[in-house]
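Each structure below appears as structure tokens.
In what comes next, chain A is part of two complexes: it sits with chain B in the first one and with chain C in the second one.
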Partner chain A sequence: MKTIEDRIKTVPPTKLIPLIIFAILMIIVPVFASGYILFVAVLALLYASLAASYDLLFGYTGQLSFCHGAFYGIGAYTAAILTVRFGFTFWEALIPTCLLVGVLATIIGYPALRLRGAYFAVTTFFLAHFIYLILLNEVELTGGPLGFRGINPPEPIGFISFDSLSTYYYLVVVFFIIVVLFLYTLVNSNLGLILISIREDEVLAESMGINTAVYKLLAFVIGAVIAGLAGAFFAHFFRLLHPTTFSWLLSEMVVIITLVGGAGTLIGPIFGAGIVTFLLEFLRFAPELRYVGWAAALIVILIFEPKGLIGLLERVRAQIKKKG
Partner chain B sequence: MTSEIIWIQLFNGITLGVIYALMGMGLTLIWSIADLPDFSQGGIYIISAYSAYFAIILLNFSYFFAIPVAIITGMAISVTFERLLYTRLRASPNAALLCAIALFFLLENIAVYLWTPKAKIMPSPTKDMILYFAGIPVSFQRILIIIVGVVLFIVINVFVKKTKIGKAIMATAQDREAAALMGINLEKVYITTWALGGALTAIAAALISPLYAVYPGMGTLPLLKGLVVVILGGMGSFIGALVAGLILGLIETFGSVYISVAYQHGFAFIILLLTLVIRPQGLFGRR
Partner chain C sequence: MLLKVRDLTKSFGKLVAVNKLNFDVNEGEIIAIIGPNGAGKTTTFNLITGHLKPDTGSIEFQGKNIAGLKPYKVCRAGVARTFQIVRFFPNLTVFEHVLLGAISRAGLRAKREELTEEVDNILEFLNMEDKRNVLAKNLTIPDKKRVELASALALKPKLLLLDELMAGLNPAEVDECVNLLKKINKDLGITMIVVEHVMRAVMKLCERIIVLHYGNKLAEGTPEEIAKNKKVIEAYLGEGVEYA
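Let's look at the complex of A and B:
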């Protein structure tokens, strides 16, 4: 009988092959892809970081939040305001951005996560609207509905400058890999097991002596900080921020991406981000219908395949094995 | 002059409060029965407002016949969602909640797609009827809202205390398993609850639409306020919903005059956070 820890430690080498292929693909994308594809690829990687960090809270800890896009927005605006108005370099701005997002997530998360049930979901849903309201109305700080302009690309490190699209792409790839490795070690550590135990049975976890409120908060804050960092990278990539980018639609898209891919798998949401981002771009000609489609898709997934694409793949594989 | 403004704001605040209370009463009923903050009511709010609008514009209904059209639409959609989707997701609260959000998202975007984001003005004979109370002008629409709100509050309370199905709903809200063991037909309870919830949402939408406008984005704020009203008032409490609705309505109208217009819709969030910190069971909730 293998324990859970054994199973985690012995990753069969065959499982690494797709990962290696994926990594090679990511590295050579700028060689053959056009500027537009590369642009979408950067967005996809940022969404993948968002969805993976959201998966820590939703997929592993079992807590629904609807404000991940808001933390992305706060991160973007904070980093942009610090670099443009206060003369920080991009790299210096990352630390205060993390701190601000972390503190805010703690303030919001602590009262809501003490309570079991849907209070947390409702609070975060309202938070997404509240942040949008602030971005729209604090015109002196954020530029309001006119948007925030004048953001420069990150300062060069040594001889590497980030002016061109392809170097920025590699920067985001590095960020993405760090995020995924961090989350992967986290969910496979003891902390990961504690989070999963909260998801499986919160009452039981509590009676085993786990302070569930603290761990739920920890997952929420870690996810938020990663989202904020992704936002900072977005700000210095897109260089124009507008409140509507960070409206509740973005938070919903993060939830949809995670579910499409398969929550609680880490790899699922990452692939989900790739698929959803490219589909969104291809369907740009029908913007309203696009959201109708996503909402309908989400409902179908919830009813028929709550484990998303990863669940579907596993089911297909099991079917093939049965026949073969 | 200043006192006149205060009186007008007071009236506006009460009207707004009654609308929030109506939303809150429907939401608190569903939340306490099914453990689900039913976000899809936000979408039902939008569609029933449109149904009343089209009944007036296309079918030449009078405003007072358009209200029942909205109610039937709201009840029908609400019960359909319950029968078709929420029943299948009862085992997983997170999936049900996600489904509710997705339905809200779906209905809102269907409205954008079919009827464009442009705001439509709903005609109503009561809107332009101005009454004067000691020299203070008040639209009859606001009086209508207050009257309907008070009547509905009494009707709902009598319904849950005096009728058999109403008592069954209250018993289910307290303890679902025990209620089922006592021979209460849970399916009937669920259907009635969602029908009531949909009806209350539709009434709120049909009553407020002539004062504001009908547009796809109209559902979000009443939904958010309704949810805050549920938490502030206390889970499953109708009197709580009414009191919390009025408090929120008054804070918003006076806050927008004396504190900040821009953050009119943000006050509810502060109230929500304060409630969670100071009194998580709400004003009238049991611990």
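Let's look at the complex of A and C:
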């Protein structure tokens, strides 16, 4: 792990070039990619936002939660219900969606975060399932197992309309960039160091005057709100919501993506999301088996490189440096 | 009076770890709490800093009762501590480690540049500039303790509780540490309570010593008085008190 100062120092020369290449790639994807690839790319970007926001809670604050996907689901359904049933525009619906997810996350997080370690993890696991059951069974509100239909694409801004795949792709790219910049600024701020200190040693942080309960809740709520927003974008992209999309499996996937990419690095979970999403799509011919294969891959990665892909990358880089 | 402890009691089941303890700490003092293993020294620290809740009794700090407050509130009131088994943030650099203390004291909105200067001053004060960018987990035990101390200083406490800071140091390092603590006491005006087994250090450092034995206060007095006290020598039976 690099120090904050190192990070700031090394950003201009070494990190900006790959970032620029990455940004250009993202911009020109719609030019050469097929509709299918573009479709998967949108999903990958949404998962990346989801995983990056989860990294704030897990990678930086050290709280292993299994309900991040549930907030994605709550965000998706809230935004969809607001636009379809209550006549909100997509843009108007974003703020109440944030508020609702934020309030729910506070209500859930406040008691749950009093538990530590595995107890907290198990509690969030059942919370995720509880929310899935609500989405499944509150038929009047959510459409239940038949799904929630009739969602329209976001209303145009000026002359930009979002009913084509490529414009929606760009919209999600903008959302993704805002999320990443926000999180990057946050983890490198004073607040970021406080969150990291809780991950490193909660007892010491507390005895150094840090109100750990409040900061853990803050990380939980910020992560949840970003997940909820990503859900709102998903709802108006996919335009059909089904409870199974937001089952516990999604929350599990977020954890896996973060671990595989490299928790506590922000960039790791983003790459993890890209790789996992595309891999899962390519393995569609074996819908059930792919999760088994994926689990095996996860175990292998965690045994040989617990720091995930970013850890692997750093190790390779160190090797090259040694030889050169 | 900076700290006023009255009738402080804490039991774990049938074991009374601290029994109706009374003592005062004046501003600017360095006092030591000594006693054989299991005497209740660390428990007393944990009661003061809020890591344990007292059964009965009061702890007044600057006229305010802090007994039973959460650790972070006790810290904000102006009491910092180090731990018997050294605690540190493994993956933070020495700089970041101390910076956290500064942030905790100055608040989230504090400017990084100002805090950086402050942290560097503390590192210079403790002769740690060369370790500035080393991860805490890669330090030696004495250096880890130093980082813990540096982080506590960044909190600008009024009262500092040091739990066996000198355990494991060689005699030369002990002397160096004693001088450092005296300097902190004088230059920064920080009052200290130390729990220490290294008698050599206690005798040189402290103006007053409190001896605990099975949770009870056995004796209190200047180092000379304590060294001559028969009850104290008996309590240490066999171990004997090293005369400085």
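A few notes on this one:
Here, the second predicted complex is superposed on the first by the 313 of 324 C-alpha atoms of A that agree within 3 Å, B and C clash if a C-alpha of one lies under 4 Å from a C-alpha of the other, contacts with A are read in each partner's own complex, and residues count from 1 in each chain.
As a working rule, a contact is a pair of C-beta atoms (placed from the backbone, for glycine too) under 8 Å apart; a residue touches a chain by one contact, two chains touch by 3 or more.
The structure presented is a predicted model; accordingly, all values stated were derived computationally and were not measured.
In the superposed model, A:Ile196 lies in contact with chain C only, and not with chain B. In the overlay built on the shared chain, the residue A:Ser34 is in contact with neither chain B nor chain C. Taking chain A as the reference chain, the count of touched residues is higher for B when chain B and chain C are set side by side.
Contacts of A:Gly209 after superposition on the shared chain: chain C is touched, whereas chain B is not. In the superposed model, A:Leu259 makes contact with chain B only, not with chain C. Comparing which residues of chain A touch chain B with which touch chain C, the overlap is empty. Those residues of chain A whose C-beta lies close enough to touch chain C in the complex are 1, 3-6, 189-191, 193-194, 196-197, 200-201, 203-212. For chain C in complex with chain A, the touching residues are 49, 51, 70-72, 75-76, 80-81, 83, 87-93, 95-96, 99-101, 103-105, 108-110, 112, 133, 135, 151-152, 155.
Across the complex, chain A is touched by residues 31, 35-37, 39, 85, 88-89, 92-95, 97-99, 101-103, 105-106, 109-110, 112-113, 220, 224, 227-228, 231, 262-263, 265-266, 268-269, 272-273, 276-277, 280 of chain B.
Listed in rising order, the residues of chain A touching chain B in the complex are 58, 62, 64, 66, 108, 111-112, 114-115, 117-119, 121-123, 125-127, 129-130, 133-134, 137, 248, 252, 255, 259, 288-289, 291-292, 294-296, 298-299, 302-303, 306.
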